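Labels run A, B and C following the written order; every chain starts at residue 1.
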Amino acid sequence: MFGLKRGSAADLLVLLAVWAGLLLLFGQLSAGFLSPATLGSVANRIPALLLVATGMTLLMVTGGIDLSVGSLVGFCGTVVGVVMVDWGWTLPAAVACSIAVGLLLGSVSGLVSVKLRLPSFIVTLGMLEVARGLAFLAAHSRTKYIGDTIESLGTPIAGLVVSPAFLCALLAVALGQALLSYTVLGRQLVAVGANIEAARISGIAVDRPRIAAHALLGALTGVAAVFNCSRLGSADPNAGVGFELSVIAAVVVGGTSLLGGRGSVAKSFLGVLIVATLEAGLVQAGASEPLKRVVTGVVIVVAVLADTWRRRD
Amino acid sequence: MLRAEHLTKRFGSVTALADVSFDLRAGEIHALCGENGAGKSTLIKLLSGVHPHGSYQGRFELDGREANFASIRDAQAAGIAVIYQELSCIDEMSVAENLFLGRPTTRYGVFIDRGAAERRAAAALARFGVSLDPAAPMRSLGIGQKQLVEIIKALLRESRILILDEPTAALAEHEVEVLLAILRDLRASGIGLIYISHRLEELAKIADRVTVLRDGATVASMPIAAADPATLVRHMVGRDVAELYPTRTARRGPPLLQVRDLSVAAAGSGIRIEGVSFDLHAGEVLGIGGLMGAGRTELLSHLYGAWGRRSAGRVTLDGHRLDAGGPDSSLRAGLALVTEDRRRYGLCIEQSIGFNLSLSSLAQVSRCGVVSRRSEALRNDEWFSKLGVHATGLDAVVGRLSGGNQQKVVLGKALMTAPKVVMLDEPTRGIDVGAKMEIYALINTLTESGCAVLLVSSELPELIGVSDRILMLHDGRVTGTFSREQATPEVLMKAALGTAVVHTDAA
Amino acid sequence: MGTGMRAIVVGVTFGMLLTLVGCKPAAPSGPAADARPKVALIMKSLANDFFATMAEGAQQHQATHAADYELLVSGIKNETDIGEQVNLVEQAVAQGARAIIVAPADSKALVPALRRAQSQGVLIVNIDNRLDADVVRQAGLQAAFVGPDNRDGARRVGEALAAQLKAGDEVAIIEGVTTTFNGQQRRAGFEDAMKAAGASIVAIQSGEWEMDKANSVAANLLSSHPKLRALLCANDNMALGAAAAVAAAGKSKGVMVVGFDNIAAIKSLLADGRLVASADQHADRLAVEGIELALASLKSGQPGADRATPVDVVTR
């Protein structure tokens, strides 16, 4: 009863209600919205978001943040492209490379930020530029078309309706929540985020969980990059620009505190659903791009505001 | 010129001040004494408007007219200024900017006129005979100089009543002399000063009258001539060491923790520990006393591996070397610490009781990194009832508990690691009498089971009532070791003040 | 704040949002809508005047042919937000669009999404930026291309500039997003013209189609290459940014700038010579031609043939 405390079930219900509300609302606004095609498009959109949101939640629970995940999606994706197109390796090998690169860069961010005592905000802001630059270098500034092999990850499995990517993302969410609720590392993440001094005095080696959270997020971003490639069928060094903001928005809508000490992967999952549904719904309702951004921005702030109010009562 | 009558202030069920009356004449230095928690700071907070009029009973009179302060600003406007121990100057600014903080010298009401400000500052500094460069950055000043700047700042606001809260606690000997000389000048110019200090020898040098507070009440008020240190100490400590403290029944075993010639320094802190040695036996409570800044908390933190760099000395726990490697290795070695500042160092305040209780002993309730909910709940339940935490259950958020219950959770967290030596830093600060007694009983139970306890307390009666032996520290050095029988408040206070170094044979 | 107050704040906010979304510009609904085919126009950054013009052209066309089709217009935040453009394609399919007219932000990465749309029976017309031919063939996508020959257009803009250059003059190219086909084509066209004129290309850097980015790139080029005579920008947005950098460096007399697209914002710059030349690819016509091709194909059931649209060089 620690990751999912009392009242947490109520939080989940509130988020579910918001999601259902959005579905109904957009169903009213545009006729074709409540269709398998829409749900399919949402399901196809979210695996990458879900994976990274899971890792981001774990990191934000410790009070850290990673702004470089968008660039990392671009760079790891480029690695997939180079490995598969230029070197002709298989998909599993490419996935392994992508995860390795993500893990490496995530760990670097973590080590630099924790050991050199720099705010993770600053360190990953630097990494945002570094990884994007590496992406362009590795791809020679050209998109690489990969094709069917990788697209199959995003295509629904026959008879199952959902794609391997989606299943994998769900698995990550489940494992992420389990990690937070049932493991020693999960406890340490929360304790470090809630009160790092108290955690240190309680005998927790506080650097380790913080670095681990960065590394884990990096690895998950590596997987997300593969799914992003599968959606594009190609490796594009531009991929993932602005992705970090969508992820952070979803995590925050899910009620995770930017200050650390509080967060739930399950709620981030609903946050992702809400953000993705909002995106799809606004397009279908005919909202123009500027209007979409205004609405999305307001919804994020109001969602977080409502959450804070509920907590205070 | 200032008269306070029948002040009573309550915080919930705790009475911090009970019917205290006090007066200050112009051109007088009136000293205020008392143990920690005797009510001195509450009295100051009423005087300076921190606690607004209406939140307490009683009245103030200034120059014969009723004066009640609704805010700090009100009190300042009436000419009352407080120089706190924690200085409120801004290191990034210059001396001149600090002097005129909040009321900058401007040109056309918009532009800061640095030149004019510095000229005015230089004039002010000269008037008080202080030689400081007004353009110097505040950070380049020593603590004593900063304090002078604060005092001058207060005087520039036409303050007529200056309250100084332990102004010499952090000063070196020669700085103290400079400060006292300036205070005497101020007195001569007709300003009234309220002077709070633990250093009794200082009071004799500077004060005109002394008022002693104890448990929120005035116990004595007299001219300084009548107040020799022994009298003051008796008034301050006063009460009997009553049945608040349970009879000690534990048998003393072999030495568990041995500290030899320990010297510790830390960058950025004036406090250091020099040549401290002691033995702590199984089943024993060793009390550590001393004034604020004597190095008590630092000694505990260092042994635990959370503070300072050891320059000399050797520490062993149960025969094994203890190298202050860090809290995690200390806990593994069987040394636990309960810190003084619960909210900052003790608890994850937004988390549940259960989360906090098991935080230090997760390894014992988990397998392969996965926490066993069942064995965790079993242990948590056991300690929850053993400690008698008053809460709805293990799920209750710690931040909503009373101080006493929060303290029990911190204790439980430490004790769950099954330590051999427990170090308690002010374990009863800010908690009610009932909870205090429960914690004393717990200390007894612990020692009966063979644990050793190192207890830091600022309350002399508690130190005497709970400890088997008492070690007094002054300025990082041991100034006396006393058996329970030898320890009287007077003797301890002398050792704490460093006036006499006593080495009785209490080992 | 009381609970009632809070409920009101939340309620009012969402009410406002609903009203905003409700006031959508061009999405007529009602019984008549069902009969007409839906055509989705998916563009790149609407912050770029070129696409804004394109959208206006399409909306005017729809207004005069209101009975023939329903138009869905959308665009993305910035030129590199490919994920969002894929999302727009998917949403168009979900909305039941019969045809998608797309100006792809990436010549390769959009192909799979378009192919998925096609497999659901949606007709694809490619405008403006040509999809990569190899990838299109590999993926089995059928998409007619309606658009100008960018390389030829860029070459002719370059020639207009070359008339004022001597052999050996230093020039630099600010290209678009390097992963786009039209960007690559325009860069190649500029290079053709400069080589023919004997100018020396001292630098090629990307301004990512954006004014800001091009402005800082241009400023750096100007200081690192003091003898620079001309900046060739792959679109007018970037040319605006470059021209501002030139003015800021006080080199308006010595350094010439050319652009591409002939957006409204450059008219005055062309007039006073801060910009030497641009190419008009008739943005308003581009989308309309794509729509007309799509409507014809929907009617006939035949995929249309590629259609080249004109490019005119504009000078002062």
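We adopt the following convention: a residue touches a chain if its C-beta (ideal position, glycine included) is under 8 Å from a C-beta of that chain, and two chains touch if they have at least 3 such contacts.
Just so it is clear, the structure is predicted and the values come from calculations on it, not from any experiment.
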Query raised in the report: Which word fits how the chains touch one another: line, ring, star, complete or other?
Result: line
Query raised in the report: Of the chains present, which has its C-alpha mean closest to the combined C-alpha mean?
Result: A
Query raised in the report: In whole angstrom, how far does the Cα centroid of chain A sit from the Cα centroid of chain C?
Result: 30
**Report entry** Computed distance of Cα centres, chain C from chain B, in Å
**Finding:** 69
Query raised in the report: Any idea how many Å lie between the Cα centroids of chain A and chain B?
Result: 47
Report summary line: Residues in chain C with touches to at least two other chains are numbered none
Query raised in the report: Considering chain B alone, which of its residues make contact with at least two other chains?
Result: none
Report summary line: In chain A, the residues touching two or more other chains are none
Query - Of all residues in chain A, those that touch chain B in their complex - result: 1-2, 5-6, 182-188, 190-191, 194-195, 197-205, 261-262
Report summary line: Listed in rising order, the residues of chain A that touch chain C in the complex are 25, 29-33, 35, 37-38, 40-41, 44-45, 136, 141-145, 147, 151, 228, 231-234, 236-243, 279-280, 282-291, 293-295, 298-299, 302, 305-306, 309, 313
Report summary line: Listed in rising order, chain B residues that touch chain A in their complex are 304, 306, 326-328, 330-332, 337, 339, 344-352, 354-355, 358-360, 362-363, 366, 369-371, 373, 395, 413, 417
Report summary line: Residue set of chain C touching chain A in the complex reads 1, 3, 6, 9-10, 13-14, 17-18, 20-22, 24-27, 29, 46, 72-78, 80-83, 86-88, 90-91, 93-96, 106-113, 115, 120, 132, 134-135, 138-139, 177-179, 206
